[in-house]
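Let me give you the structure first, and then I'll get to my questions.
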Amino acid sequence: MTVRFAVLGAGRIGQVHAKAIDADRDATLVAIADAIEPAAQSLAEFYSASVSSIDAIAASADIDAVVICTPTDMHADLIEQFAKAGKAIFCEKPIDLDVARVRTCLATVAANEATLMVAFQRRFDPDFMALKERVDSGVIGDVEMVVLTSRDPAPPPIEYIKRSGGLFRDMAIHDLDVARWLLGEPVVTVQAVASVLVDPAIAAAGDFDTANILLTTDSGRQATVNNSRRAGYGYDQRIEVFGSKGMVSALNTHESNTVVATAEGFTQPALQDFFMTRYERAYANEIAAFVQCVKTGADPNPSGEDGLNALILADAAVQSVAQRRTIDVGIA
Amino acid sequence: MTVRFAVLGAGRIGQVHAKAIDADRDATLVAIADAIEPAAQSLAEFYSASVSSIDAIAASADIDAVVICTPTDMHADLIEQFAKAGKAIFCEKPIDLDVARVRTCLATVAANEATLMVAFQRRFDPDFMALKERVDSGVIGDVEMVVLTSRDPAPPPIEYIKRSGGLFRDMAIHDLDVARWLLGEPVVTVQAVASVLVDPAIAAAGDFDTANILLTTDSGRQATVNNSRRAGYGYDQRIEVFGSKGMVSALNTHESNTVVATAEGFTQPALQDFFMTRYERAYANEIAAFVQCVKTGADPNPSGEDGLNALILADAAVQSVAQRRTIDVGIA
Amino acid sequence: MTVRFAVLGAGRIGQVHAKAIDADRDATLVAIADAIEPAAQSLAEFYSASVSSIDAIAASADIDAVVICTPTDMHADLIEQFAKAGKAIFCEKPIDLDVARVRTCLATVAANEATLMVAFQRRFDPDFMALKERVDSGVIGDVEMVVLTSRDPAPPPIEYIKRSGGLFRDMAIHDLDVARWLLGEPVVTVQAVASVLVDPAIAAAGDFDTANILLTTDSGRQATVNNSRRAGYGYDQRIEVFGSKGMVSALNTHESNTVVATAEGFTQPALQDFFMTRYERAYANEIAAFVQCVKTGADPNPSGEDGLNALILADAAVQSVAQRRTIDVGIA
Amino acid sequence: MTVRFAVLGAGRIGQVHAKAIDADRDATLVAIADAIEPAAQSLAEFYSASVSSIDAIAASADIDAVVICTPTDMHADLIEQFAKAGKAIFCEKPIDLDVARVRTCLATVAANEATLMVAFQRRFDPDFMALKERVDSGVIGDVEMVVLTSRDPAPPPIEYIKRSGGLFRDMAIHDLDVARWLLGEPVVTVQAVASVLVDPAIAAAGDFDTANILLTTDSGRQATVNNSRRAGYGYDQRIEVFGSKGMVSALNTHESNTVVATAEGFTQPALQDFFMTRYERAYANEIAAFVQCVKTGADPNPSGEDGLNALILADAAVQSVAQRRTIDVGIA
């Protein structure tokens, strides 16, 4: 079986997924939809796909799966439309910025027994996968603490920040998903601090640019996330997992694997500073995993519930900052 | 001027300081006091010093400075006695486990215009000093976040833990001092989580073995401390300081600077796993710094107030765990 | 202009180049030829190309360029045939194992003003390119010494070794080209030692498995190459260039960028151990560079002369081992 | 037993050994001799030793061992004098620059059954010792190749070079000893190249500043030494040993274990750039090893024969450069 795809949204991330679909031997790109016709046209031409509309794609017998890369506020509606249309759905994060809306959306997905995978691409990064494999192997014993360092090279445009849902729901949500993935137990409490150190315009927009989050599980495992919207030395993406017998870490990726040694010292290049370069292989692996779910009927991972739970933790972080206390999240 | 020293307490740490005094060209070891006579005898003989009593040392015109390495509950009394006796005082941390007692002790020190240095040896570790120098140079811009990883190789005996004042006051206090040293601003809030993952006997003793602490300053700078009483791979002691222009980190010290490469991978040795080996040069530098303060009349650094403030933060961490909320510490 | 390609030889390396051609926006794969019909068929189908014969390809007006991946003893004849046919030629190394034959072949290429690029893919490895860029930038001053470490994970089959031309012409030739590329001056002398430490069957086949080569240039620059047919820890491919002001090095590529720390030490995974994985991006960059030469008429680099000169150095190394003396190579 | 020492020669290296003797619990420094009286005086005062003459020391019943740190041309005579006087002898390298003179000197040592240790301090460097231990453990299988990188921060004064015996006998001799130590088999052939790239004054003095040496053993093991009188980034001292199962390497020592990350990259400090700092612990370990030989009667290691053999290899390297051929050294 070759999985036949439509991509909804021909922007930057839509192009990344189109490329991954094209490169996958078990997938083929059939149709592109985008409100901006020339964008759809250009992408469709490059991959010999056709331009279509959302409704036509939903109705088409030729399409097995859709990749939703539209603006966030359309995600939940589109998921519901395609769940009802019997298509497998891969949706960019988040499903929605509102937990209640996410819940109703997931109910529709469940009612239609639809396949839904949420795009947390970091779970598919080769280094993070290698780290997870080592954690699962038991080489470090039982997991006790997870430390995530996640710092963007530079803040996004202020217009983006205003619509983003804020640092915790937009940026930290990736780390919260990774923390859940690695802790091996549901999270029960959330604490956070946040400040504005990078750009006062971010404060004016009601957001933060610098934060730390503390998570605990029922058995007392702990995770920390440190976030900043700025890292002068590139895109800082590191993981450490501490266990009863040892530690495993995933290191950063530099622009090249070279060192210059002079009287000034030994210098490796700065880090890859663009998320699409840093996670290029993760994006390809992610689509490949989704394709296999569609082919084999396996449960998608990360699932819609993973998307929901990460959002619940992000909301709790927001609440902890505001209320200056530990937030109980039930089970997330 | 050669500073003439007495060491009070001939145990493990007293021996370390005796060695550092002997190696310092500007210092000489004159007397040793210890409740256990043979311990004092043995140390005194090794360095050609004499055995004496605390009161005789306080009264002696031949002694310029004392190093207090007795059990913790004697620290404050001894500081007061020697402040009144006009001796310069170097005291192992903590001054006392009770903040109120520390305050009255420091008042006595101030009233007698005595010189008091509190032993936070990490400030004198060559790698940490090099890190501090880089932070101060401005190369990373303004400090925004400090991340401290501090994990002991193995828990101390349970009897030690019972008298220790607990994880925060005994172990984290070093990290809290380092955080204060590096943040460059007073700490205003403290949050913490703590659990027992290493040994249930530690819970039975009313203590924790695994913790994270979150600090903030008035301008929004943040610091995290992650602590564990166990690290299977050695004594994990790392610092990262993030600034507006970059990051500086101090890395761990391995048992040797070698790598073995086989089909199993590329393996560096585990970390130095004993604090006296890891901080050997720090202890020597620390005494040397104290000697220079005594010679030149410069203010000791870290001071008694530094000892007090680190204890205030440790107490706030204890309170935050118990009350599950952010604790305001005024200025510490 | 889209460069229209035929691939001659559908084996392992032919497949690598076919994939690179397919991925290049400025190239298209038109035809495949292979003595083994099903091999040609399978590769042609995968890329929607057609199966053809060498003579038909030479005669076809639809083909701009050929990639020669046939057995070595056909290389020179094919280069001459396609030079006369007016096609641009990309040929796997070596042009021939015999220097005289290479010279007549290059004369034919010159007489026909044909475009010929010889496949030394290491010049296109991203890390080695970054190293070269730094050398060229002057940051390390004038080049003084080049040290190349080049060790295969495991020896090839003995049948391969018998036809390979020997360690120096088959394996070291890549390093000799890299040394020439980095020294920035022609090589004038060659010394070498060689032994059999890996497998006596290699000695029985008249070859070596462990060698060191010493090169010098006219001004006294030096290069060393250390080679082994075995490296238990993966495919060891490192470069160090020492200059008047400093050093630049290109490090190895590990299977993943992770570290496991336990009581046994801190372990990074072994090296990528397959040359096609290790040099995957180099192969793609190499074809892309050739495509641009064909499009723009730029001189190919590495050229046929580079192929000749590397072979001259390999021959000199063979001679040095046999005669136990320094070999003058004129200018290579 | 406490070994009672005299130090002959109160210069830079004499001071290093005096400090090591003073720090050793099993040794005591009794006397200092130096042609320059104030130098002897100052060193003697610092360690509460007495100033004496060479002849008085030889005659003294109070002296067990001497450390010879005089100019090189006195070494052999002094060794013979003290061998006859029944003192244990620790001598700075080289015994003499002339192989024949070394042989007669060693004959005298043997005839008097004297204890003689030659100062190749690198064998006592903690990292090199850890490397040797791993090689001996069998973890990398049988040794196949040794690669030594040994580059001074900056050339010594030209006056020093003129009297030094040349690059191979003065500088490379340390590496030749390390190569012998690690190869585990006698060296049978030597090749070398040498040039002047650092300073034409070195050529004018008849010496080289940049060299490579190739050694082989009877079974075909190989070693390379790369030397330069200049390394802009500090004192470059590295070892790699390749075996049938893997590799072990000893890395460089940086000024501190810190990294600064900015837009310019990730920078570790330059290397420790002074041999006395770099090998501080090696010098202390070396004297401690000699003290134990004197106490226990164990054979010194490195021995006089090790000094002789390293010199034979250095001479062969000189000869190889001049004659442009492989030099057979018998067994060294």
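In order of appearance the chains are A, B, C and D, and numbering begins at 1 in each one.
The rule we apply is simple: a residue touches a chain if its C-beta (ideal position, glycine included) is under 8 Å from a C-beta of that chain, and two chains touch if they have at least 3 such contacts.
Computed from a prediction, not measured in an experiment: that's the story for all the values here.
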Practice task
Could you tell me which chains make contact with chain A and chain C both?
Solution key: B, D
Practice task
Report back the single chain whose CA centre is most distant from the CA centre of chain B.
Solution key: C
Exercise for the section: Report the inter-chain centroid distance for chain B and chain D in whole angstrom, where each centroid is the mean of the CA atoms. Expected result: 40
Completion exercise
The distance between the C-alpha centres of chain A and chain D, rounded to whole Å, is 58
Practice task
Return the residues of chain B touching two or more other chains; collapse runs of consecutive numbers into ranges.
Solution key: 140, 232-233, 245-247, 260-263, 269
Handout entry: Residues of chain A touching chain C in the complex
Key = 126-127, 130-131, 134, 139-140, 245-253, 255-263, 269
Handout entry: Of all residues in chain C, those that touch chain B in their complex
Key = 232-233, 254, 260-270
Handout entry: Of chain A, residues touching chain B in the complex
Key = 140-142, 144-145, 147, 149, 151, 189, 191, 193, 195-198, 210-212, 214, 216, 219-222, 224, 226, 228, 230-233, 236, 242-247, 324-326
